[in-house]
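Presented below are the structures under discussion, each in the form of structure tokens.
Common to both upcoming complexes is chain A, partnered first by chain B, then by chain C.
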Partner chain A sequence: MVRIKRQKRVIFFLILAAVLFFPVIYMLICSVWKGVDAGLSFMSYYDVFLESPGYLVKFWRSLGMCLLISAGQTVLACMAGTAFAKYSFIGKKIWLVVMALFMVLPIQVTLLPNYILLEKLGFLNSWKALIIPGIFSPFGTVWLTFIFRSLPNEWLDAARLDRANQLQIIRYIIVPASKPAIVTLFVLVFVESWNMVEQPVIFLEEQLDYPLSVFLAGVAQNSIGIQSVCGLLCLLPVTFFFLYYHTELTDGLRDTLWS
Partner chain B sequence: MAKKRVWTAGCAVLILLLTCTVLSMRVEKMMRIEVETVTAVKEEQDSELAKIPISCYNEDKSSFFYAHERKGLFGAELVAVKKESYPIDEEEEMALIVYTEGFDSTGMKPLKIVSQSSWPLEEGDLLVLKEDREVDVVKQIQILACFTAILLPGILLLVRCVKRFSDLRDGNWKAGIESFIIIGIWLGSIFSLTGKLDIPREYLPPEYILDIGFYINEIQEFKLLEYYGRELLICIVCVGFIWFGSILAVFFCCTYRKSRKSK
Partner chain C sequence: MIIICWYQSRRLEGVRTMRKKNNGLLLALPQLAGFLVFYFVPFLITVWYSVSFGIGEREFVGLDNYKELFQNEMFLLAVKNTIKYMSVTVPITLAAAMLLAAALQNTVKAVRFFQMSFLYPMILPIASVVLGVQFLWGAGGAWNRLLRAVGVEGTDWLQTPAAFWVLCALYFWRFAGYYILIYLARLQMIPKEYYEYAALFGANEKARFRYITLPTLVPTILFTLILSVMNAFKCYREAFLLGGSHPDNSIYLLQHFMNNNFQNLNYQKISSAAVSIVAALLFVTGVICGLYLLMKKGEKYG
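The block that comes next holds the complex of A and B.
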């Protein structure tokens, strides 16, 4: 009885996995299958990886931008989160509520004010228009505030007794204790900026400046092979982060639920 | 253990993509089709007609290509654009066309109409204006031989780099820096070597640079072995020695490490 149940469960999960993996498998097949007449061919890989540097240059630029946004937001969120969770200052609760409110606002609502602000700062039509608002997004701060609140205050007091300054407290006490949550934040922000579509379309004028996520939509529309290879290229960093940090991701999400 | 594998695979993919990026920059540059261009000449000052060489027209005589300058990833680049046009009349080797067809949309700037190209053009092909230059075949063979020679030792070094990168995870910064330097040298050397290659476009395949059949044909057709057999032989021997030497070095390193471990 138990064995049959187990078998059923395995079959169910196999079907589920097949459904979830179908787009990736489809892309893999499309990248090499050229139809009944032509059969298998790796020319699409040649087109993307060797014929022209356009795709790979876009990939590196997008990767750099996303790493910058993720690292920037993570560092900023660590400091701001510590302030909100462990220090008292005037208007602390109001600021946190305002940040949480801004976090839940849909991106379309904040696009126009952001556009006006970026225009006044002179950041439009450059990657600064994507990086700066990305770094100062309130999501990380709110997320880490809730995580840092669960850390005992005694640890911080003990560190202060050992004459640790604020930065040392963050670096040696708070960050190591909340590593899974911080890694989770980093990965989530990376994935969010990697899949960014609306902001580049609104803030950038030149199509050449678009990151890979937007560029992918207009890539060789008559060749499904090239599109598939570009899709697989797009999957690489996200897959790497997920596979490399999957334990931290699980722990980080669990910690958030507990906190 | 799984993390280490993912890290190693990630590093390998990263190095592969970096190498592809550098190579693709060069391949794109080498595969640009060399063209000669002309501009339409007005028949008379106030005439509505202009003349272009009849050779500019495609086979169907209903269109021609012109080189359009656009902004590319690395600055301005020329791209082939097809323009529908029918010659009104033919005079000797020249075709009479409506004046506006030979000029841009403003009617002020004459189009760079392609009169000759190293390979048949297609819309969107990247172009480069043909320059008169003499190609030193021996030098090109030597550069190609150098490129081939560094391939195997380079790949072996990169494999070692990938392994050393896993030490970076454990906080061994020295190994990481060493690997970064090796990767930098590898990328720099393939970039500079491929940059020195100056093969006329007509000796490269029309579409794909890795078209081996085309090269075999070319070697047979131009009797390269007959004219440059000695140089080719020297290069092949040198490449063979370097490859053999690298395999021997790897073999000895592995044996030495194994014996040290067993001690």
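The block that comes next holds the complex of A and C.
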């Protein structure tokens, strides 16, 4: 009886995993399987990693861009989130409501004036156009404001008694106390920018300049092998974050509820 | 002299209270400034563009742009598709997630593996997922090879109306796990005694779900509803990577309409479409919040 139950459970887990991980598994198979007559081969890996450096260059550049965006937004959001949650300034509540509204809006709403503005600043056709508006996205601030609100005020008072200034309070009290939420924010912003499609398509004219997210759709149309290796390459950083931070991620995503 | 002294003291006092009142301003300033420059002011400009016309000097034309927009066939198609997409994906995903969460509630006790694998699809890069989908349903994909083996000639399924359902399935696959996780976390806060008590009084499983589980979940449902609408707007990425900027008619979304009008920089069309979206969203959010408040009131007095 017990054994049947366990078998059922194992089968259930396997099916679930197969459904959830299907693109990964499928691409792993496609990257080495060359059809019935050719059998297994690792040529596609050789092509992508050693033969043509273009793919790897694109990968590292996209990675750098996304890390910049997520680091920038996380730092700014920590500062602004503290200000919104624990300090006061003119029009605080209105600002928060407006930012929360913009968080829900689709990106297309502000794309046109953004385009005009970036053109005036001379940022068009360079990755500055993707990075700078990305850093200032309101998502992080709203997210962290709700998290920071639940921290007890007494901690801040204690730090103030020890003559800590605002930046020190953030660095030594607020950030360590809400680490899961901050890590989650970082990863979410990273995923968001790693998936960026709308902005590059509009802000960049040269198709060769597109980051990995858009570039991948048009890569080596005739070779499924190369396509799947590139797809796996694209998976790597996200999967790394996911495995490395999975405790923080699950806790952080869950805790958005109680705030 | 006295006046100057009085003025000075007033000013100092003012500065002091100001400082206390505005002690967070410097911290928030970088974010606020960036938000203003790249999001808020652009939005105001969008509103102005949507009610004006002209190439050099813009003139106020009232609602003419909107009239033109709502006669545009492509726009109407895009609106229809977007509404259809949302009304299919959002309720089905949320309802399925809720039922699954209720089913998992007592069988699995927050196994890390479960939580992780539920979140993984959400974090996967869309580009990779789309590649996988193309291998499955594209012109030379696995599905077509299977069909050919049976003797039926396949097509590029992503260029047919089936693309719409592929897009819906992708949404479900991507976000259902996350919503399950959220619901599960909420359900675990319900004391077990409630269920035991109800069972003692002869409440069957259906009744227990209806009278214990569902009411606890109402605020969470609201939260996930907003979240899922927000996520549903992001499906443009999948649609674009699947079908390019001119996909099959069934997945021609509002975002396609706006992005495509960038090619000729038709300010009027883009901006009036943008303002219409905002208005619709505000309306829907208002209705949801109103319903919630009404329900709360009903609970209090009913």
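The rule is simple: the second predicted complex is superposed on the first by the 249 of 259 C-alpha atoms of A that agree within 3 Å, B and C clash if a C-alpha of one lies under 4 Å from a C-alpha of the other, contacts with A are read in each partner's own complex, and residues count from 1 in each chain.
Assume a contact is a pair of C-beta atoms (placed from the backbone, for glycine too) under 8 Å apart; a residue touches a chain by one contact, two chains touch by 3 or more.
Since we're looking at a predicted model, the values are computed, not measured.
Once the two complexes are overlaid through chain A, chain B and chain C fit side by side, free of any clash as defined at the top of the document.
Of the two partner chains, chain B is the only one touched by A:Phe240; chain C is not. Touched residues of chain A were counted for both chain B and chain C, and C has more of them. Using the contact criterion defined above for the overlaid structures, shared-chain residue A:Val57 touches chain B, although it does not reach chain C.
Of the two partner chains placed by superposition, only chain B is touched by A:Tyr46; chain C is not. Fitting both structures onto chain A leaves chain B and chain C with a minimum C-alpha separation of 13 Å.
In the superposition on chain A, none of the residues of chain A is touched both by chain B in one structure and by chain C in the other. Chain A meets chain B in the complex at residues 43, 46, 49-54, 56-57, 59-60, 206, 208, 236, 240, 243-244.
Interface residues of chain B facing chain A in the complex, by the touch rule stated above, are 2-3, 6-7, 10, 13, 17, 20-21, 23-25, 27-28, 31, 71-73, 208-210.
Those residues of chain A whose C-beta lies close enough to touch chain C in the complex are 13, 16-17, 19-24, 26-27, 30, 76-77, 79-80, 82-84, 86-90, 92, 95, 98-99, 101-106, 108-117, 132-133, 135-138, 141, 166, 170, 187, 191, 194-195, 197-198, 201-202, 212-214, 216-217, 224, 227-228, 230-232, 234-235, 238, 241-242, 246-247, 249-250, 253-254, 257. Every residue of chain C that touches chain A in the complex is listed here, in rising order: 21-28, 30-32, 34-35, 37-43, 45-46, 49, 112-113, 115-133, 135-136, 140, 173, 177-178, 181-182, 185-186, 220, 223, 226, 229-230, 233-234, 236-237, 240-241, 245, 254-255, 258-259, 262, 267, 270-271, 274, 277-278, 281-282, 285.
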